[in-house]
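After this come two complexes, each holding subunit A, first together with subunit B and then together with subunit C.
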Partner chain A sequence: MLMHDVRLALRSLKRNPILSTLMIGAIAVGIAASMIAITLYHARSGHPIPWKADTLYAVTMDLRDDDPDQGFSEHPEYPPFQLAYPDAKAVYQSDIPVRSVMMYRAGRVVAPENRNVKPFGATIRVTTADFFQTFDVPFIQGNGWSRADDESPAAVVVLSRFMNDKLFGSANSVGREVTLTGKQFRVVGVIDTWMPQPKYYDLNASSGFDVPEDFFIPFGWMQALKLGPNGNVNCVSKRAKIESFDAFITQDCVWLQFWVEFRKASDRDRYQAFIDNYVSDQKRHGRFPRKLNNRIVNVQTWLDMWDVVGDDSRMQMGLGLVFLVVCVLNTLGLMLAKFLSAAPISGLRRALGASRVDIVRQHLVEVVVVGLLGGFTGLLLTLGGLAALRVLLFSGVLVGSDNPDRVAMVQAMVHMDVPVIALGIALSLLTGVLAGLYPAWRIGRLAPATFLKTQ
Partner chain B sequence: MEIRALLSALWRSRTGPFLVAAQVALTLAVIVNVVYIVQQRLADANKPTGIDLDNMFWVGIETLDANYNQAAAVPVDLTYLKSLPGVVSATTVNILPQWWGRMGLPFAANPKQLDTPNGGVPGTIYFGTDTFIDTFGLKLVAGRTFDANAIVQPSSDMASAIATWAPEMIVTRAMAQKLFPNGDALGKTVYVGLTNKSSTIVGIVEHMQAGPSPARFEQFAIQIVIVPIIPAGPGGTFVVRTRPGERERVMAKVEKEFADLQPGRYVRRIEAYDETAGRLRQGSRASAIILATVAFFVLAVTIIGIVGLAAFNVTTRTKQLGTRRAIGARKFHILRYFLVENWLITSGGALLGCVLALAAGIKLSTMYQTPRLPLYYLVLGVALVWVVGVLAVAIPARRAASISPAIATRSV
Partner chain C sequence: MIDMQGISKVFRTDVVQTHALRNFSLRVEPGEFVAITGHSGSGKTTFLNVAGLLEEFDAGHYQLDGQDVSRLTDNQRSRIRNEKIGFIFQGFNLIPDLNIYDNVDAPLHYRRMPGAERHRRITASLERVGLTARMKHIPAQLSGGQQQRAAIARAISGEPRVILADEPTGNLDTTMSNQIMELLQSINAGGTTILMVTHNPELAQKAHRQVHIVDGQIDQIHEFNPLRAAEAAVGASA
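Up next, the complex of A and B:
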């Protein structure tokens, strides 16, 4: 029965090739537009570490002056997203979190041991020891370092897999030496390919999407090497004075990312009280002039505060869906026209004994066939469109980088995964049914006699 | 004209026309807003930079030498670059204009302003030498460039360089006007936030842009302060302007020779300046292309809808039309009938579309913090919908007009 209906549907489509092509084309374009928008949105809106959704928190404190806001921030109520060194150092001592990370990104020159490789610029994350466990960084060789190594500081370094390949040709490099900014560091670990997207632990670069750093060194090197931040520095207080690096780190300038992980979600409240206490205490020394506004936020809230998804993807999403609606309306109109012009045939079928249900079912099958054909074409169009977008949007990201992770990141931004493809198929079925339900019902309602008369 | 007959015919088979009208409405709302956004983005991306991008390039060098002498190396580097045939001028900079990063501080004519809430004028800072103006091809409208003897030697790091500051500064006209609204900025002293320093404005350049920016942030891109400081090393970024047509040749030579002027150096990156500036605009240009493509397809789909409905109507009314021809209607009357019918449908859609467009426009302008959608966009949108509607219906209508009156006699 169903096969018969499908055959009828295909025959009916062939009878009216131009109209059929237009209908399938309209659905395909609508599906493609909304699929592309959904893919881009999906890539930006993912949660990078869902298993720590309610134990991992970013810490912020409102260190700003008591000024009226300058009006160019969309959310003047948010505290600065980074901490000043004196505050980070003070709250790092707390034992309420099971782990605390204070860190920033620096950039320096690397001289490889292997003289065949030219020296090159590299990104360095200067961080306290808990970084690797807090963010669940996978290692292929060795390990991170201890909190004691942060203090001394120990001349140890953790490499990204890409950097290990580049410097040591993917050999086990633990125990070997790397020269960073003129100083010898001993490799203690190599990270496996690890690319949280968005790069939530430090969202300062490239609107939240970037590859992790090449090198990780203990936090103590910040002062020992006077390693300045290669990220966003914001002197949020008028009292801040810039004199030299050693003076800078004591000032009310925010430039450190600070994260904590709790054993259980309820520790967050205790920690909030601890931070508020610290800030209230600092108020007595004339710092933190605003009223308490220290936010300890989970990863999702953190991504929302940074607006990682962005207005553009939201707008594209809206546009894609409006487009799909236009295509549904269009197909509905064409389908109605097509069914009505073929009404005499249905009339004949009714007269020969087909029930109203048969007629409606036959037309619904035709509608589903159109929807699926449109959806399939739409998926192909989506793939083409995403390939074009890859060139259009991201070719600049790849210039001057030999890091394969960067290519992988760009791929991930325009990659259709299985749920998105499934959504696309569901969407095309829905489109077809939405567009065809009314025409099929209309055609089923017609009295056969009307059409037989005019034959 | 038989307008009442037309309306009643329209009402009797209202589903099709209603669908087309709804499509027209959505299409109008999409196109008007998309065109407005695209136009804004392109305008932001294409604002003048004041910089001679097409004849410039930059080269970044790094060194591994722990005892690198920045103060001694920079003059050697600049002398080398300026000596190359085809080079107009060269300077060193702390941060490239038209690059992602920027550095800024508040400035004020009166130091007390710097202590008040939000006091001072935000200015983007560039370090350079006496040849900065010439290298970037900026137009000096008052005063002079830096005194070569007033250039401050490199400090140990960026923070110390800012703290040391310099006795002279050159500002853009936009900055000068913000600091001294009376237009007498030249020769005046300007105070610098966070540093307790001040310097004298020795020159004013007509225009310079730090990078493309949305209209509401534009002041941060064009209020620029240039100070004669050699940036902290080791290594650094050098900008070179060549005579037209000589850039590629000079770049090839610099890439080969420049690093070796000092031992242990290498070229981090060398790039034509228009390429650098273009990359900063890639996002807005790409989004403009995406949005324009979507708008185009929405319009195309709607045209298909209009053609489809009209063609269907012509087919189902063939006999009717033949009868009308047979009892005296002329081809012109038939043509007019379809054109008017279609015009009514598109106009109905356009009316609804204007409401939708305005609603979407308000939503988008709060989202992007841009000015409201200007009303003449709606007028242009409606005009576009009318023209497209007439063109779309023309072919089916002509087919209808050419139906032979003899049809009427066939199967009565």
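Up next, the complex of A and C:
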């Protein structure tokens, strides 16, 4: 019976190709508009490290002066999203977390060993040793370094895959030398392509969407090389005076990202108490004038706090869905017109013995077919729309960059994955049924004799 | 076969009530061929629609093939239409985008009949009306007479107990009309009861009885061949 109804549906669509095209087109446009918005939202709203949802935490402390104007972003109730060096250094010593990461991003010119490659600007993550294990960074060659290497500091470097390809042509570079800011570093590891989106561990750049750094060096080089940050620096106290790099790192200026990983979720409360105690102690020295407002939050809360997904994305998705509703209403009108124009045939079928259920089911199958055809057309339009967006919106991200990771990141932002495609198909089915339910019900309610004379 | 007693049917709008059938009583025996005549608006088609369970009625009692059909659900009415009644319309009412084979198949399909049995009945019906060679044609490719024969094939494919024909020759010329009438007579000769609405007095006289309707009531009944009617009734009941 179902195949019979599908055949009837296809015949019905062929019978009135213009109306059918309009219905399929209306659904396709609605699906495409909503799917583009959903794809962008989905790319921004995914959890970058779900397997550590309960153990990986960002640490913040409210170091700001007790001044209402000393706010941050759109959420003055939150403490700054970075720490000052004295505080980061102090709490880094805690053994409550199984791992702690203190880090920041810097940028310097690199002089390649290979004379054929010209010096170029590169991004450097200056970090403590636990970075790689804390964020599950995959290696293709070698490893990271030890905590002892942070202290000395050891002249070791970990390269991104892109940088290894650029400097050493994909060869195993472990043990080879790289010159950074005039200093020779020995390569100890090369990480595989790794691109957590959002780039949750450092929200400084591009609203949380950026590629990881090219070089990773031990944190001790911060002081040894006087390597300043290439990101937001906020001096949150009026007492802060920056007369030199050595002075800068002792001031109440926040510029370091700080993350901890716990063995078990319950360690978080112990660590919160530890941080609160530390801040209370600092208050006795005249620092941290505000009420205790230290936050230790998991990745999802972190992304929510700092609006990484953003109200714009949510609004775009809302508008996309509203547009889809408008398309559904248009399609409903077109379907009603189409079904009523074919009412004499339905009346005839009723006379021949079709029950009301038979007629409603036959028309519902037709609306499902319309919905699916509209959905598939809509998915094709979505692919086209996303390709256009890649050119129009994200081309600026790619300007001047030869980093394939950056291209991959942009593609990931406008890529429809299987769940989104499945959602699109489900949405098109739902759209078809919503648009066709009333017309199908209405046609099923018609008395069979009504149209027989006019057939 | 058909036993209507005191049937009334009123069409209502916000401002007017139209009594299409008034206290209408008629008994049709199995195997009978009854012509229904009357002026336009007299209630002929309404009677046929009520008899064919296409319309409900407001008062009275109706037994079809011994079954009280006064208070059936929509599904039950559909099933009885499908199994016991065949319809033939003035405008043929073939589904335009289906070929003749599929048109004849339509009522059998709603009976959920197995494919092989459907095929047997379709080919037998088309053979009976002489359209086997045209079974893959769509209605628009056939003449009026051929289309009406296809409609008759569809009506008889379900082997109904009664055929309701609403001016089946109304759109045909005399020659075609006579051919269709002969076909209906031969079907009736096989024991199928036929009620035929017609404006054509010559065709009406070929029936066993003519029932003339005026203002929703039976005005006159002419018995042209009561002997044949009685034989048919006896034959059918035997």
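Methods note: the second predicted complex is superposed on the first by the 447 of 455 C-alpha atoms of A that agree within 3 Å, B and C clash if a C-alpha of one lies under 4 Å from a C-alpha of the other, contacts with A are read in each partner's own complex, and residues count from 1 in each chain.
Heads up, the rule we're going with is that contacts are C-beta pairs under 8 Å (C-beta built on N, C-alpha and C of every residue); 3 or more make two chains touch, one makes a residue touch a chain.
Every value quoted in this text rests on a predicted model; they were computed, and no experiment measured them.
**Q** Residues of subunit A touched by subunit B versus by subunit C: which partner has the larger set?
**A** B
**Q** Scan A:D358 for contacts with subunit B and subunit C and give back first, second, both or neither.
**A** second
**Q** Should A:K14 be classified as contacting the first partner (subunit B), the second (subunit C), both, or neither?
**A** second
**Q** Looking at the overlay, does A:R147 come into contact with subunit B only (first), subunit C only (second), both, or neither?
**A** Touch partners of A:R147: none, neither subunit B nor subunit C.
**Q** Answer with first, second, both or neither: which of subunit B and subunit C does A:P448 touch in the superposed model?
**A** Touch partner of A:P448: subunit C, not subunit B.
**Q** Based on the superposed arrangement, let me know which partner A:R270 touches: subunit B (first), subunit C (second), both, or neither?
**A** The answer is neither, since A:R270 touches no partner chain.
**Q** Please work out whether A:R350 is in contact with subunit B alone, subunit C alone, both, or neither, and reply first, second, both or neither.
**A** A:R350 contacts subunit C only, not subunit B.
**Q** For subunit A, what residues appear in both contact lists, the one with subunit B and the one with subunit C?
**A** No residue of subunit A touches both subunit B and subunit C.
**Q** For subunit A, which residues count as touching subunit C in their complex?
**A** On the subunit A side, the touching residues are 1, 4, 11, 14-15, 344-345, 348-358, 447-449, 452-453, 455.
**Q** Please output the residues of subunit C touching subunit A within their complex, sorted ascending.
**A** Interface residues on the subunit C side: 45, 49, 52, 54-55, 74-75, 78-79, 81-83, 87, 89, 91, 93, 95-98, 106-107, 109-112, 154, 158.
**Q** Which part of subunit A faces subunit B closely enough to touch in the complex?
**A** Per the stated touch rule, the residues are 19, 22, 25-26, 29-30, 33, 65-68, 70, 72, 74, 109, 111, 118-121, 179, 182, 226, 228, 235, 238, 240-245, 247-248, 311-312, 314-316, 319-320, 322-323, 325-327, 329-330, 332-334, 336-338, 340-341, 389, 392-393, 395-396, 399-400, 438, 442, 454.
**Q** How about subunit B: which of its residues touch subunit A in the complex?
**A** 15-16, 19-20, 22-23, 26-27, 29-30, 34, 37, 62-64, 66, 114-115, 117-119, 156-160, 162-163, 193-196, 216-217, 266, 268-269, 279, 282-283, 286-287, 289-291, 294, 297-298, 300-302, 304-305, 308-309, 311-312, 315-316, 364, 367-369, 411
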